[in-house]
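Below: one structure, written as structure tokens.
Chain naming follows the written order as A, B and C, and within any one chain the residues start at number 1.
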Amino acid sequence: MKGLLDIKSLSIGLASERVRERPFVVRDLNLKISKAESVCLVGESGCGKSVTAISIMGLLPKGLTILNGQIFFEETDLLSLGEKELRRIRGSEISMIFQEPMSSLNPVLTIGQQLKEVFLAHRDGEDTFGKREIEDRCVELLKDVGLPHPKEQLKAYPHMLSGGQRQRVMIAMAMALSPKLIIADEPTTALDVTVQLQILRLLKRLQKAKECSLLFITHDLSLVPHVGDRIYVMYKGRIMEEGPSKDVVLNPFHPYTKALLSAIVDPESPKAQRLAFFKESPRLNLNTLNHTFEKKGCGCGYAERCLSVQSKCWESEPELLDLLDLKGRRVRCWLYAV
Amino acid sequence: MKISEGLRLIRGDWVGFLGLCLFLCFLGVSILGIFLTGGPNPTLDPRKVRLHEKLKPPMAKASSETLAKEHLPFGRFILGTDDLGRDVFARMLQGAYVSMSVGFVSVGISVLIGIIIGGISGYYGDRNIGLINLIAILLLAVGFILISTSQITLGLFLFLVAALFLIFRKTKRLSQIEIGFIDVDSFIMRIVDIMLCFPSFFLILTVVAIVPPSIYNIMIVIGLTSWMGTARFVRAEFLALRELDFVKAAKLLGLSDMKIIFVHMLPNAIGPVLVSATLGVASAILVEAGLSFLGLGVPPPHATWGNILADGKNYLFDAPWLTFIPGFSIMLVVLSFNLFGETLRDVVNPKLNA
Amino acid sequence: MPFNDGYKETILALEGVCKYFHLKGGYLSSKKQMVTAVKDVSLSFPKGITYGLVGESGCGKTTLSHIMAGLLPPDRGKVIFYGEDLYALGYREFKERRKKIQLVFQDPYSSLNPRLTVGYVIKEALRQGNVPKEELEERAQSILISVGLDPSCMKSYPHQLSGGQRQRVVIARALCVSPVVLIMDEPVSSLDVLIQAQILDLFLEIKQRLQITYIFISHDLKIVAYLSDIIGVMFRGEILEEGPSLELYKNPLHPYTQLLLASVPKIGDGKGLLESDPMEELKSEEKHIWEQDINCCAYYHRCNKRSDECVSGPIELKVIGENRRVRCIKV
């Protein structure tokens, strides 16, 4: 499979100059996505996954800056491009779906107006669209994402739609210009379980139909095998484990991945077992400061929460290494470093 | 609210810091002014009329030598003299106290009234106004009017009846009598609308013409006619806060309504009120200056900045300092308040202190 | 008869509770639309039981939770607490009784007053629980430890704590007045999976320690089934199915419950979950809340087993077997 997106040694940190030892939000990240592949990026809130996603789009907020690294999208380094070129790529080649359907749509514009905006913004590309054609394509898009009565919905305002419907509109907007890569940042976290399932099905179906790649960001491991071909597990700005999603989920190596898996609620498992597991873990929430930021050279980032921690883990940080006998699996843990 | 954090924020925002410094200067000056110009034999006498020294420009020397040594700093009239030969500097010092106190007290009154009315309106919102509450309010209002027009005994009697009603309003039988079509919110907002219909300056003029002229009456009057803005701000914030979970949680814990309003909701609603209050101080000073300019303000010979302005209007070209100096001072005070107000709101907002 | 084991005393019961919301059409509009948020709900909660209420957003479970907690009087029906009609009590008695029913809200960010420290909030709650002044500090510390927080966080403001920590403070506050009923409205929905698991385990721990009645509300069936003894499934203001949790989880009777169960992604499932019938998608589209007909099955528009007899008239909640109730003609 040809490579589409290749992030090399990406580091993102705070932009303020006052901080002498700059804390990192993302450190030395390597991530690859091939054509028509779907990759999941998993981690808890604050681990830097959303920041990675928006840095691909070049939308980092003012407080953060790219310290190092390159993001190759089809041989071009996105970080070296200017605003004008990035704007051309955004929406037409790489598009993004955000988490909060309630606030991602402009409440004073109709659905139709917002959909049309996507086309109009890229009008001065190779394809230019006429007014009639844009409207037809909008209706088709809404039909593709499963909204009933698409022609009437074009005139509707966002507050008339439910969360699931709004998220479908967001997907329609993302798919409008048939991008090569779609970044979905926790698209179903704010939705109910039934709607979540529908949205995931929709995403998968569209991805297959249009043969585009998908970067799916989530904190819920149970969704991963259904959505992603490969998975990256992230913690405190570092990749802790990566590999084919089914393999990682059925046979996890890193202690953090194991913890994430055990956190998935299973009503049929005996309660005593679960209680025991978490009784042993150190109470994570005791006065931990904003745990996004981590200073350099302090050993493995997961040491304070790890159940299998050894003295080595506090002294130095392990590298992300391939597992000898398994292809495509890499772990960052002293337990597996030979 | 941590004071140290607040001070740090203020120091960071140099504009607000500048405003705060200016304001503190004026505060210092006005307090100084009370000491320097008060009493029967003040150091700097604002009332002493020296006709032979009239209309002297700033930094002018006094004509007789003895006068210079005893009474004047540096032997000069620092800010000149007015048409009656009075020392403008002394008068400005005396006037500073008046302006500041009028500014603060009237804003204090208006903010207090505004918070209470806006808070009640925002918190009780859609509830039907109980018959008891309505009668109590009407009695209070009538009693107030009676008292202010010097029918004291009757007014106090009505106050007492209203108080009795308010105490017993929570009993089961009485509290269930309601008037179906009037909301607390609508009722209060219509009162606010009525008050807003009157152009405030004319309202003040009318009241000032009726009541005996004194500095206290002016403060009360300005306070009583400018609470509407605050009430609306508070009501708007309360309407939003009421739906927040922590208010519902406070209700569930069994906290009394008063406690919820003043301890939980009000500190969160105070932001726009603070900005409005700082602007209100500025505006109150201007109103007082305007009243004095028209001759309806603080009675002479007590100096206020407006007085000095008023006296100077006849001599605009001969002695422009009589107009410029008080005018410029008013502008500086108002400016310092405006600059400081915005920063104050940021200081009080806990989310920005993260 | 609503569910009752017989030997456990019923602490809280809802009888025929209805709540309507009027949509104002403006001053000049004569159109007055009414949304039925809760329709004729009758439930009973025995002492010490954990009752799980499942339903999607907009089904009325939050409204129901407010009615149960004493925040919202129902338009019809009664809330019976300790044998007395809660909303018919006098003002002072009502406030005292209501304290014994506590509610933990969904959003940990708005559940705490941003201007008050954690210590103040807890101590204020303890004072409402009639704890004498001398014991305040000690009790505050012990309650914070019991929810897994370090007592040094008493000096912190809410914005200095993480979402999980805030939720623990909210739970601690609710426990300060020693309630007998604790209603939790989606307390973990906005938290990460790891923190969710911790908070859920905290609930289990508290449940073992204090024998109080829990009412757990969520849209996620697996979380509800994990914690509860009895589950009630709610849809558009009505209870569609009710029964013991494991039984319901393994053998759902109502088509909606079956859909909820099928929506739970299981790890060992493979890609089968995502290959769906395209017609299924369109059928399950949500219609506007106020387009419902009152006199037929509320789930009709989304049901995959629907037929004409489902719209013929109102459907009753039938008792099936021991302790199960279902509202469906097909069962």
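FYI, a contact is a pair of C-beta atoms (placed from the backbone, for glycine too) under 8 Å apart; a residue touches a chain by one contact, two chains touch by 3 or more.
On a predicted model such as this, the values are computed, not experimentally measured, just so you know.
Enquirer: With chain centres set to the mean of the C-alpha atoms, which chain is at the far end from chain A?
Expert: B
Enquirer: Which two chains have the greatest number of C-beta pairs in contact?
Expert: A-C
Enquirer: Kindly work out which chain lies most centrally, taking the average of its C-alpha atoms as its position.
Expert: Closest chain centre to the overall C-alpha centroid: C.
Enquirer: If you average the Cα atoms of chain B and of chain C to get two centres, how far apart are those centres in Å?
Expert: That gives a centre separation of 49 Å.
Enquirer: Using CA atom averages as chain centres, what separation in Å is found between chain A and chain B?
Expert: One centre to the other, that is 54 Å.
Enquirer: Using mean CA coordinates as chain centres, what's the chain A-chain C distance in Å?
Expert: The computed centroid separation for chain A versus chain C comes out at 31 Å.
Enquirer: Which residues of chain C touch chain A in the complex?
Expert: Touching chain A: residues 56-58, 148-150, 152-153, 162-165, 168, 192-198, 200-201, 204-205, 219-223, 225-226, 245-246, 249-250, 259-260, 262-271, 273-274, 276, 281-282, 284-286, 288 of chain C.
Enquirer: Which bits of chain A are touching chain C when the two form their complex?
Expert: Contacts found on chain A: 44-45, 146-148, 160, 162-165, 192-198, 200-202, 204, 219-223, 225-227, 249-250, 259-268, 271, 274-275, 278, 283-288.
Enquirer: Considering the complex alone, what residue numbers of chain C touch chain B?
Expert: That would be residues 66, 69-71, 90-92, 95-96, 98-99, 101-103, 105-107, 110-116, 124-125, 128, 157, 159-160, 170, 173-174, 176-177 of chain C.
Enquirer: Can you name the residues of chain B that touch chain C in the complex?
Expert: 1, 170, 172, 175, 244-246, 248-255, 263-264, 267-268, 350-351, 354
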